[in-house]
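For reference, chains read A, B, C, D and E in written order, and residue numbers begin at 1 within each chain.
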């Protein structure tokens, strides 16, 4: 098989539903039913080796959940994830890609996560050395000397000084912590990294440092990123391809430049129009969407965007879920492009 | 929906009460000391046959689980058995004694609230002031003071030295009071009996202070710290930004929210009050449940211990139920 | 711009004594706000934007205090008013919208009640309940809260973030203030909601002529919304000017850094340029220019002497020595 | 001011009469004047414990006796010491050694106005004696059965004469009859035991008014038709106070405080330590009388080391009873010279209490093989002489004092406090080593007492029911049984003297002390004195 | 050493241990500094330490035997009273035993009962709470229900019941207190673990390949242990009062072993003649518990970052 034909990561109709069970009595007396939160509701996504896929969407649309399911921190309700064509449900074939896969680590040997909150993603009771040593130990790096060297090299790579090794996370600034988190992820020598809003809690002046670092590392280690953010400018900057999520589903997907130049889905259009811009010329015609993102508990029928949509094509929007339509190189889930 | 939640919360108390009954049964029944021996008293000389008869009468000759069955079945029917020592149905004894205990517990709770609320609020508002420091020092003393010791000291000072408060009992014997509920203060109010009201209040004072001191201290501290937290919050800032007066800011915006954690603590403190009853009732000769149960424990009066401990546990469970419901009303966010 | 500013800050300085030392959260800030003006204050987290706003309303909590300066509102120094007089101004003349709507609404009271309180405090409807309620419902629909009669009795947690922010704005607008201090009103909201809220604020400004101070760390947002922008760094203003002046001809290295460190959507993807280093600890800000150690154009003198404002164009003030040729302000 | 809690110190302004005069050392005296409520005609007595019952046939505590004593009368009664006097009985005479003829006083009225007749007396006896005669709450035999001894039957000769047949001679009858109070047949058959408990009805000086919860408080009222009580015991007539209240105050300090605060008039069980203090308080009178609860430390003679009589005797020499009396009992106690308390009518005065003689104790222990090691601990075969003394809470001070004295001679004695009800079965099962306990002897006769403590245990009978030492001596057993049926006082004395001597010599117990019963009252209480059997008789008491 | 020698030499176990030690030492020094800033808390700590020292070295610092006295010396008043004697600084009790000696030895009992019962509660409660909170499911369900059940009993009533069941004595007392004491720690730890397990650092550890057990023990517990420690300190004071209360009711330690509660209890009969017998042990309880509480509260302030004003 030609390796370029096989995506590094592929999800097929991935779903993650959270069920909230009401008490027995409420069920009995008020006929209360299970509340199902369809956080991720049928996402099919392909990520190829070496690229950065940006995932944007408003708060609560399921970005984090999708990221967690893909990084196996959460179990999908339905659907499957493939790594290089192997279903993760069966587990990675031993000896598959890495020379010594450790069964317990499984997927984490090849995929890692960079978290959103630099303040809570590092254990406050552990020194930097311990934090970075953990994946190394679990990876099987037993030799102390070698481990120490590796830790120092990693730390240097992310732009921190080794003299800080024995300090605790709270002694670092947000940007520095995020670097530590990156070093921890790199320690596993992954191929794939899910980065869930890695800069959104950083000061603007620091954001750029981290983004640049991530870009450098990608080149250096041939990393593949799933980059989650709600900042459209940032996504534009960093991604090769972009997927726009709305209420648990992907609304539109395509190469970054295409998608920004010519947003197809009305939601994408509104999103892009809502970004404030310095450049008066670049300001698009303002589209102010009405209402807020509906709750994923009882998502609207048909196209999930239809209650807020300004470009409805008819009752089909309300009744039937739009499939993906290929428009040029973009894929868009909107009946308009039927 | 809220009603259902409350009902649900009410229903959860049922298995707890069953569990309480079972725990009490096993603990007490496995205790060494033969109840029949005790029933027969110090000087009686019972024959073996009589002993057997008694054992049979109280099902003491059956295996434990059968005894448990009898016990639970009877308990459901409101029959907690006979007190070996006092030769009376346990339920009657409990019903006789409960009002005194409830009265003192409520008295202590009220006193502690009367002391704690203003102190908690004021010392939070005037954080680090002399008042704050003094009351928090007092609160430390209150928490650390063993109740029995405080009671003795109070009696010596107020009853013996100053002679302004009675040292013991619930009411003076020369005060006539028609009992309605068994809560003397309430009864004297109901019957419009002012002398009895004054007398019973005076009698209630020292025991309530003794019992309530520690609780007052805890409530004051909890209230203070939650007030401090709330006073730092954004919505208090907003209230100020609206131009609200300091009184409104503190008493309305802050207090309402600070009371939420406090209420839970008050609920839990009722447990402390109920436990403390045993000691305070002993010190003040208060004819309540606490003394009854202490006596019963010393005399291995199983049915009475079972009954009394269950009543305590149930009172406590019910109080917390009430507190939880109150909590829902105070905290609109919580739906139990 | 009118001649007599509605609000004028003169050398406002607010400090917090902490165990690390004295934190100068706001140092020597002078600003003016005209009737109906839209002013943006931009700066990174912790640079003192919120404290400036709170100082205007005298809501600094102990042990913090306003150490120096004046805050002239229609010529009266707010900092010298009695507590009672100050309360009259809060909410009535100057209202504030806070950063985080969820923590700013009181969780224990219905939203409608909280809006009504503003009216009641300032006797807007003669403390007449029905009239007050009517007005509240009016306000709620004005800020775009749907079915206000039902939502009058709902509690904050039953509102979505955007609705909470609207409710906060309704509270602020209740007494038709002359100045609205909006402290990052959209930071915690999504872009589409942010657009809605900004639209609402713009309409308010247009309809009522309310002057708005928009505090944000999003330069783009400020640029789109405001007429004038002030850039803050480490407790001090570093650059003030009209939006065009600041955005198109930024003069302070920090302002320029801010403009280039965030990616922009444009046809050609430019590399973003991070500002090196970190924001200084406000408890020990270096004596000279606080930005000096992150500045690529730093001169030795920058680290030692406090840099004054230089007016490089009418109304465009910059605290940077590179402009020492211009006349110091 | 000194930090004593005897709070106010004032120079005494006027000399105050002391009822029981003892030397008052301090010139400055504590003045805590009980506030007298003017015109009050209610007498309040504070008891230390709630009465165990209020049915004359079915109780087992002294508090119950006290309350019942004021509600009911017996055929005979006792004075403040040990003398027995006719009360309802006009005369009592032995027809033969087993038959007693009782003539009843005429015109004795129950509280409901009916007259007391022979039927009531017979009914009372049968109610006490017959198995399962008490039907409430479950049918059971009266707890007071033992006080009727070898009761056989009672017959009515006429309305005012009852003949009681015993199955054996019963010389202790008079002292024992004091403890049986007469109930009304008509009333009890009508209301049942339950009714009797709820509203007692007797012929006593006081009528029942009300009681609270668990007899925490019992209120009585003067019975206007009272026949006057025992004619030998003045005053004869109706009760002096119009109301009497018994109230339970278990805490010693609270009880004293209540007296000082003027809330109660008489308190029982005053701790001996407080006597001196209370005596200094003007307006408080303190009185004591020889008690009826002798205290021993019983050795478990079935277990080493107490199988050895020398050890037992040695321990008797090792304890300084006089020091205990002086210090723990404030002088208000007598040393015990053996099995019977000195005030028992049959106590052998020639048996002198073991003297305190450490040297003798050590010598005896040496004979028994116990020798002190370097540290002074007594050792035998490499093992120390160590044992646990069990006791009950009220006797903890004396027990600790004994333990300390024993440790002084090199015995490793420690104390364990129990509830009586819990430790009793263990004692009877001979599971414990030594026990400091008391045993009431309120009948002043060996019967009811000596067979309980020193007769070997016969299960299912009264014999040995309180024999915690496991002492079993065939001769003593026989003597005890002989004494029970010997009507001749002189011969009885001989029998009991021999038994006492045997017990004294074999020392199954460390004979300790007989504490006095101490009570205190407000000064306005008149004509009051504690009774040695602690049956507080309020009939005589007046209020100033 | 050549210029090309590796900048760092091989590090063995002892190195990481040394690092740990240094970090602990630093943390301790920091704690010490924070304490130094709070004189009242420091004083509380010193008083507690003094009591602990007194308990440990009771035999060395006293000249009398705590269980031996002579009736001849019954109720000697404190030394400063008119008839006092400096040989018995706080006077003697009803058995003529030196009160100060007994109070010092009583510290042993109180502290031992308190520390042991708290220690058992902490160990049991923390272990169960951590597992229940981490794994949830039926284990959590059962334990939580059982904890709820135990919570339905007021502490003292429960302890009295257990003491009546087990009989008095040191070990039984500790068991009785711990039998209910663990519940608080269980609930605390369970709650905290529930909160911690959703934090990103736990995911971080999982992604770094940590096993569940390793996550509980080496990632989550260190974050929880501080609140456990603070609660433990405060509970210590409570347990001491409970011990005293049970001893007061006669369900505690057996004589002649000196225990504060039973000293107050037996002394209260003598209040009017010898106030000191009951008062000083009462004061000792008060002093120790106040000190513990002040210290515990102070620790909470220091350790709980939420209360720190930055």
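The working rule: a contact is a pair of C-beta atoms (placed from the backbone, for glycine too) under 8 Å apart; a residue touches a chain by one contact, two chains touch by 3 or more.
Since the model is a prediction, treat every value here as computed from it, not as a measurement.
Should one ask which of A-E and B-D has more C-beta pairs in contact, the pair is B-D.
Averaging Cα atoms per chain gives one point for each, and the point farthest from that of chain C is the centre of D. With centres set at the average Cα position, the gap from chain A to chain B is 55 Å.
Chain C and chain D, compared by their mean Cα positions, are separated by 88 Å. Each chain gets a centre from the mean of its Cα atoms; for chain D and chain E, those two points are 46 Å apart. Distance from the chain C centre to the chain E centre is 50 Å, each centre being the mean of its Cα atoms.
Contact with two or more other chains is made by residues 5, 251, 253, 422 of chain D.
Those residues of chain E in touch with two or more other chains are numbered 167, 250, 268, 271. Residue positions of chain B touching 2 or more other chains, listed in rising order: 32, 152, 156, 282, 298, 300.
Against chain C, the residues of chain A that register as touching in their complex are 58-59, 173, 175, 203-209, 211-212, 230, 232-234, 236-238, 260-261, 270-279, 282-283, 286, 288-289, 292-293.
Looking at the complex, you find that chain D touches chain B at residues 5, 7-8, 32, 35, 37, 40, 42, 44, 52-53, 58, 60, 136-138, 140-141, 143, 145-146, 212-214, 216-217, 219, 245, 247-251, 253-255, 257-258, 260-263, 419-422, 424-425, 452, 459-462, 465.
Contact residues of chain E toward chain B in the complex are 145, 148-149, 152-157, 160-162, 164-165, 167, 237, 241, 244-245, 248-250, 261, 264-265, 268, 271, 278, 282, 285-286, 289-290, 292-294.
Residues of chain B that touch chain D in their complex: 32-34, 37-38, 41-48, 50, 54, 57, 82, 85-89, 93, 96-97, 100, 152, 155-157, 159-161, 163, 166-169, 172-174, 282-285, 287, 291-292, 298-300.
Considering their complex, residues 15-17, 19-20, 23-24, 27-28, 30-32, 140-141, 143-149, 152, 156, 271-272, 274-276, 278-279, 282, 293-294, 297-298, 300, 305, 309, 312-313, 316-317 of chain B touch chain E.
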